[in-house]
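What follows is chain A paired twice: with chain B in the first complex and chain C in the second.
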Partner chain A sequence: MRPGTRYALRSVASGLGTLLFVVIFNFFLFRMLPGDPIGLYTRGRNVPPEQIEALRAELDRPLVEQFLGYLANPFSSTINSARFNQPVWTLIGERVGATLLLVGTAIVLASIVGTWLGIRSAWQRGQRFDNVSTGLTLTLYSMPEFWLGMILLIVFGVGVGFLPGMFPIGGIITPGVDPSSLAGILDIAWHMVLPVTTLTAVYLAEYALVMRASLLDEMGQDYLVVARAKGLMDKVVRRRHAVPNAMLPTITLIFMNLGFVISGAITVETVFSWPGLGLLSYDALRGPDIALLQAIFLLFSIGVILANVAADLVYAVLDPRVRA
Partner chain B sequence: MGLRGPMPGPEDAADLVAVAEPAAPLVVPSSRQLARARRRASRGRAWQQFRRSRPGMAGLVVLVTFATLAVLAPVLFPPETISVVDATGDPLSPPSPGFPLGTDESGRSILALVVWGARVSLVVGLAATVVSMLIGTVIGVMAGHYRGWVGMGLNRFTDWFLVIPFLPLAIVLATVLGASLLNIIIVIGITSWPGTARLVRAQTLSVSARPYLERARALGGGDLHQMTRHVLPNVMPLVLANTTLMVALAILSETTLSFLGLGDPLAPSWGALLDGAFTSGAMTVGAWWYVLPPGLCVVAVVLAFTLIGRALEAIVDPQLSGQQR
Partner chain C sequence: MSAPALMAQAVEVHFPGERGRTARAVDAVTLSVLPGQVVALVGESGCGKSTLARVLLGLQPTSGGEVLVGGQPLPTSRAGLKAYRRRAQLILQDPMGSLNPRQTVYEAVAEGVRIHRIGDEERRVAEALARVGLRPPERFFARYPHELSGGQRQRVVIAGALVLEPEILVADEPVSSLDASVRGEILALLLRLRAELGLTLLVVTHDLGLAWNIADRIAVMYLGRIIEEGPTEQVLADPQHPYTRALLSVVPEVARLEPIVLAGEPPDPASVPPGCRFHPRCPLLAAGLPDEVATRCRTVALPVLPAQAGHRAACHALDPTMGP
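Now for the complex of A and B:
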C-alpha cells in the first residue's frame, strides 16, 4: 500500500472512531436526564394520547434494543420536536440553507481578510501596521461575537442619536418578497450585511493571528535567505517562497475551526433572528426541546468530524512530508 | 552522569554534595534549601522579564483593577441595590446623575450590576480553569508517561473530546445538569480540558526522553514518583502560561453560556446581563447603556488575560518571543 493511501485510511478510520464515540455519548447522555422522559420530550404542548402511547412504547423497549436501533440509524428518530411538533430532521433540513449561506460567506471573507492582515503584519513585524493590526485582532479575538452583533444592531439597525437605523434588525428577508426574484436576492443580501460583518470580524481575528505566527516561523528559514541572496524582489520572496509554506497551518485551521464557527453561528443567528440552525439550537435549548437538541448536537458533531478528516486529507495533499 | 547527560543540573550537584558530606562541619545548604533558593531566583528572573513586556504589564494593571472592584463590590454597592424587588430607578432609563450607566428593565443600576458581574465572571472563569487544568494535566501527563495501551487509550480519548464542538456540547451538558453556577463551572471544565491535555502530553513525551528520568528509573523510582517529582515540575511552567490564556477562554465561554440563558438566574454575570438586555428588548429601544458596559468589561478582562498569557508564554518558551515581537 502506498504511504499516501495508508495515511488517508488512517485519518478516515480515526474520524469513524470519533463518530462512534459521539453517537454513543449522544444516546446515553440524554438517557441520564432526571424525571419522566415523556414529560421532557413533550414539554409544554398538547399531545394526542395515541402519540404518547407510541412514545412510551418506544421508550419502554429494553435499553440495549433502543441503543442498537439508534446505532443502526441515528437519523431515524421518531420523536417529534416538542416545540414545533414536527419531525426533527425535517426542521433541521429547512434551516441548513440559511446557516450555510451566512456562515459560508463569513468564512470566505474572514479567511481572505484575515490571512492578508496576518501576512502583512508578519512581513512588517514590529512596525506600525503590525502593532495596529495585532492589537485589533487580539481585541476582536477577546470579544463575545454576539455582543459585537448587538452593538452593530443598535448602531446600524435601530439607530443611535442622530444616526438613523439603516439595516434591517433581523430575519433573512422582508415578509412578502419573493426570494427567487432579483429584488428578493438583493433583500437577502441587505439582511446579511450586519450578521456577516459580525461573524467576519470575529472569525478573521483567529486567521490573522495564526497566519502571522506561522509566517514569522518561516521567516527565519534558510531558504528565504537563499531567495534573497539570489536577488529576488522582496515581494517575490514573500509571495512565491514564504507565504505558500506559511499557508499550511492556516488552511488546516480554516477546516478544523468549524466548532468555533458553529458557536458563532448559534449566538449571532440568535441576535439577528436569522432563521438557521443556530437560531433553531437557541429555540431548542430555551425549551428545552430534548429531541431537537439531541439531533442538532449529532449534526454539528458530524460536521466537525467530517471537517477534521477533510483537513487531514487536504494537509496531506498540500504537504508531502506528512504522508511519509 | 556527566558523561551521559549534557550537563548535570544544579539539583544533581546538590544531591551529590548532600550525599558525599552528610556530616560536614561546614554549613552546607541542604538540597532542599538549594532548590528553594534556585526557584526563588528563577521566579525573580521571570518577573524581571515580565516587567519588560509592556502588553503584559498593561494586562496586569487592568486585571488588578477588576479584581479590586470585584472584591469591593459589596462595599461599593450593597446587595440591596441589585435586588429586583428593591430597585429604585425607572425601567430602562438612560444614564443620569443618580444612575451613571442607566438602569435595566427592572430599574436596577447598570453600574452596580456590572461591578457585581465582575465577581461572578472572574470566579467562574478561574474555577472553571482550575477544573479544566486539573483534568488536562492529569490525563496529559498519564497519556505521555505510560506507553502501551493506557497512553494510547488516553490519547484517543483526548482526541475524541477535542473534536466535539464546544458550544453544542456545553449546551447539551448544561441542559442535562441544569442551570446553576456550579454546573457552568463543571461544564466549561469538562469541555475545555483536551487542549491542555494535548499540550501537556507533548511536553511530557519530550521530558521523558531526558536523562534524569532514566536516572530516576534506574534508582527504582515508581511511576507516581517519576510523574509527580520529575515530569510535573518540568511541565508546570508551560501549563501555567497556558492556564492564563485559558482563563480568557473560560470567561468568554461563561459569557456565551449565560447569554444563552444557561447561567444562574440569581448571579448577575456579564453574560447574564447581556441575556437580560437581549430578552428584555433593550436593543430595539436603543438602550446602548445596557449592552455596552458588560461587553466592554468582558473584552477588557479577556484581553488582559490574553496579554498576560502571551507574555508568560514568551518567558517560558523563549523561541516564541521572537515570533510575537
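Now for the complex of A and C:
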C-alpha cells in the first residue's frame, strides 16, 4: 500500500471512530438534561391526559430499549419533535439552507479577507498597516459575536440619532416576496448584510492572525535566501515560495471551520432571527426538545468530523511531509 | 596577478539597533578571493562573517565600501544583479532549511535554470546531480527533501548551485550541521568541484580545523573586522594575533598549544571598544604589556589590513608603530 493511501485510510478510520462515539454519547447526553419536556410543551394547551400519557410513555421506556431503537436508525423519519410536532429531520431539512447560505458566505469572505490581511501584515511587519490590522483583528477576535451583532443591529438596523435604520432587523426575506424572483434574491442579499458582516468580522481575525504568524515563520527560512541567491526577485520569492508554504495552516483552518458551516452561529442567528439551524437549536434548547436537540447535535458533529477528515486529506495533498 | 574574482573593499554594514545604537556588523573589511582560490573566513558567531558573505553575493546592502567582481563593481540594477547571481552561488549551513520542503529534488535543482531561462532543463539537472554524486540522477528526481539523508540534502543544495555553472561559490558553514563522516565527503566534493570546474570558493566557518582542510588562505574576523589574514599554513603554523592563537589553541587537530580561554564579555557589535577592538579580552594585555603599548591598545585604532598581502595581523603588541 502506498504511504499516501495508508494515511488517507487512517484519517477516514479515525473519523468513523469519532462518529461512533458521538452517536452513542449524543443519546445519553440529552437523557441527562433536567426538566420535564412533556409538561413544558403541553402547558397552557388543552391536551387530553391520554395523549400526555402516551408522550410520557415514550420517554419512560427503559433506556436500553430506547437506545437500541435509536441506534437502529439515528436518522429515522419517525422521530418527532415535541415542540414542532413534526419529524425532526424534516425540520432540519427546511432550515439547513438558510444556515449554509449565511455561514458559508461569511467563511468564504472571512478566509479571503483574513488571509490577505495576514499576508500584508507579515510583509510589512511592524509598519502601520500591520499595527492597524493586527490591532483591529485582535479586537474583533476577542469580541463576543452576538454582542457585535446587536451593536450592528441597533446602529444600522434600528438607527441611532440622525442615522436612519438602513438594513432589515431580522429574518431572511420580507414576508410576501417570492424568493425565486430577482427581487426576492436581492431582498435575501439585503437581509444577509448585517449577519454576514458580523460573522465575517469575527471569523476573519483567526485567519489573519494565523496567516501572519505562519508567514513570519516562513520568512525566516533559509530556502528563501537560497532562492534569492539564485536570482529570484524578492517579490517572486515571497509569492512562489513563502506564501504557498505559509498557507498550509490557514488552509487546514479553513477546512476545519467548514465543519461549523452547519452548526453555524447559534447566537448570531438568534440575534438576527435568521431562520437557520442556529435558531432552531436555540428553540430546541429552550424546551428542551430532546429528539430535536439529539438530531441537531448529531448533524453538527458529523459536519465537524467530515471537515476534519477533509482537512487531513487536503493537508496531505499539499504537504508531502505529512504523507510519509 | 589577475583581478580578484571577488573583492570587498572597506565594506561596512550597519544595522540600526535599539535606542539609536547602531550595530556595526561589518566594519571596514577588505578581503579578496583570487580566481580558483579557496579562502576561509573564520570567526565566532556574531562576528559579521555571514553578513559579509551576503554582501559579497549582493544579498545584503552595504552602508559603505565597495564590492568588486572580477575587478568590476557589483551591479546594482535589477538585471545586472540577476546576471551576477548566475555567476555566484550560495550554500548554507542547514540543507533541510535550504530546500523548500514542498519541492522535489528535481524542482529544487531546476529552479535556477528556470529563473535564468537557460533551457535544456532536464539534462542540466541530471548533470548537476550526477556531478555531486547523486547517481543515477533520475532516481532522485521525484524525491522530497525529507526522504533524503543530511548529506544527500546538502548535495542537492550544491547541485542547485552548480546547475547555473557559477564561477564563485560562497559556502556559509557548509558542513557544520552534518555528521562527522558526511562532513569529509562534502568537503572532498567541494575540493573536487574546485579542481574540475575551477571554482572560486569562499568558505565561511567558525571551525579553524575545517579551514585548515580546505583553504588556501585564511582570514580571521573579529567583531566586524579582519584581524589576521594570510596563507593557511602560515596562519595556522605561526598565528600572530592573540585572538587567532586563542582560536587555534582549542582546535583538537592542533593539540600542541595550551588552551587559551578568553575572559570578558562576548563582543557586542553595537558597542565596539575604542583602540584595538579585541583589547578587553586580550590575553596579552591581561598578562601585562609595556605601559606605552597598553595605552595604544586602549586608545589607538588599528589599520584595515590589505588583501592578499602575505601574512599580516592587526595588533599593537606585534608592531608598536601601527596606526590607523
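As a working rule, the second predicted complex is superposed on the first by the 277 of 324 C-alpha atoms of A that agree within 3 Å, B and C clash if a C-alpha of one lies under 4 Å from a C-alpha of the other, contacts with A are read in each partner's own complex, and residues count from 1 in each chain.
Everything that follows uses one rule, which is that a residue touches a chain if its C-beta (ideal position, glycine included) is under 8 Å from a C-beta of that chain, and two chains touch if they have at least 3 such contacts.
What you see is a predicted model; the values in this text were computed from it and never measured.
Enquirer: Overlaying the two complexes on chain A, which is it for chain B and chain C: clash or fit?
Expert: fit
Enquirer: Under the stated touch criterion, name the partner, chain B or chain C, that contacts more residues in chain A.
Expert: B
Enquirer: Return first, second, both or neither, reflecting whether A:313 touches chain B, chain C, both chains, or no partner chain.
Expert: A:313 contacts neither chain B nor chain C.
Enquirer: Which holds for A:59: it touches chain B only (first), chain C only (second), both, or neither?
Expert: After superposing on A, A:59 lies clear of both chain B and chain C.
Enquirer: Applying the touch criterion given at the start, work out whether A:101 contacts chain B, chain C, both or neither, answering first, second, both or neither.
Expert: In the superposition, A:101 contacts neither chain B nor chain C.
Enquirer: Quick check on the superposed pair: does A:136 touch chain B, chain C, both, or neither? Answer first, second, both or neither.
Expert: So A:136 meets neither chain B nor chain C here.
Enquirer: Which holds for A:258: it touches chain B only (first), chain C only (second), both, or neither?
Expert: A:258 contacts chain B only, not chain C.
Enquirer: Does chain B (first) or chain C (second) touch A:231, or do both, or does neither?
Expert: It touches chain C, and chain B stays clear.
Enquirer: How far apart, in Å, are the nearest Cα atoms of chain B and chain C after the overlay?
Expert: Result, nearest C-alpha distance in the overlay: 13 Å.
Enquirer: Going by the contact rule at the top, pick out the chain C residues touching chain A in the complex.
Expert: 54, 57, 59, 78, 81-82, 85-86, 88-90, 92-94, 97-102, 111-112, 115-116, 144, 146-147, 157, 160-161, 164
Enquirer: What residues on chain A touch chain C, complex-wise?
Expert: 221-223, 225-233, 241, 244-245, 318-321, 324
Enquirer: Note which residues of chain B are touching chain A in the complex, please.
Expert: It comes out as residues 156, 159-160, 163-169, 171-173, 175-176, 248, 252, 255-256, 259-262, 271, 274, 277-278, 283-288, 291-292, 294-295, 298-299, 302-303, 306-307, 322-325.
Enquirer: If you look only at chain A, which of its residues touch chain B in the complex?
Expert: That would be residues 14, 17-18, 21-22, 25-26, 29-30, 32-33, 125-126, 138-139, 141-144, 146-148, 150-151, 153-155, 158-160, 169, 213, 216-217, 220, 258-260, 262-263, 266-267, 270-271, 281-282, 285-286, 288, 290, 293-294, 296-297, 300-301, 303-305, 308 of chain A.
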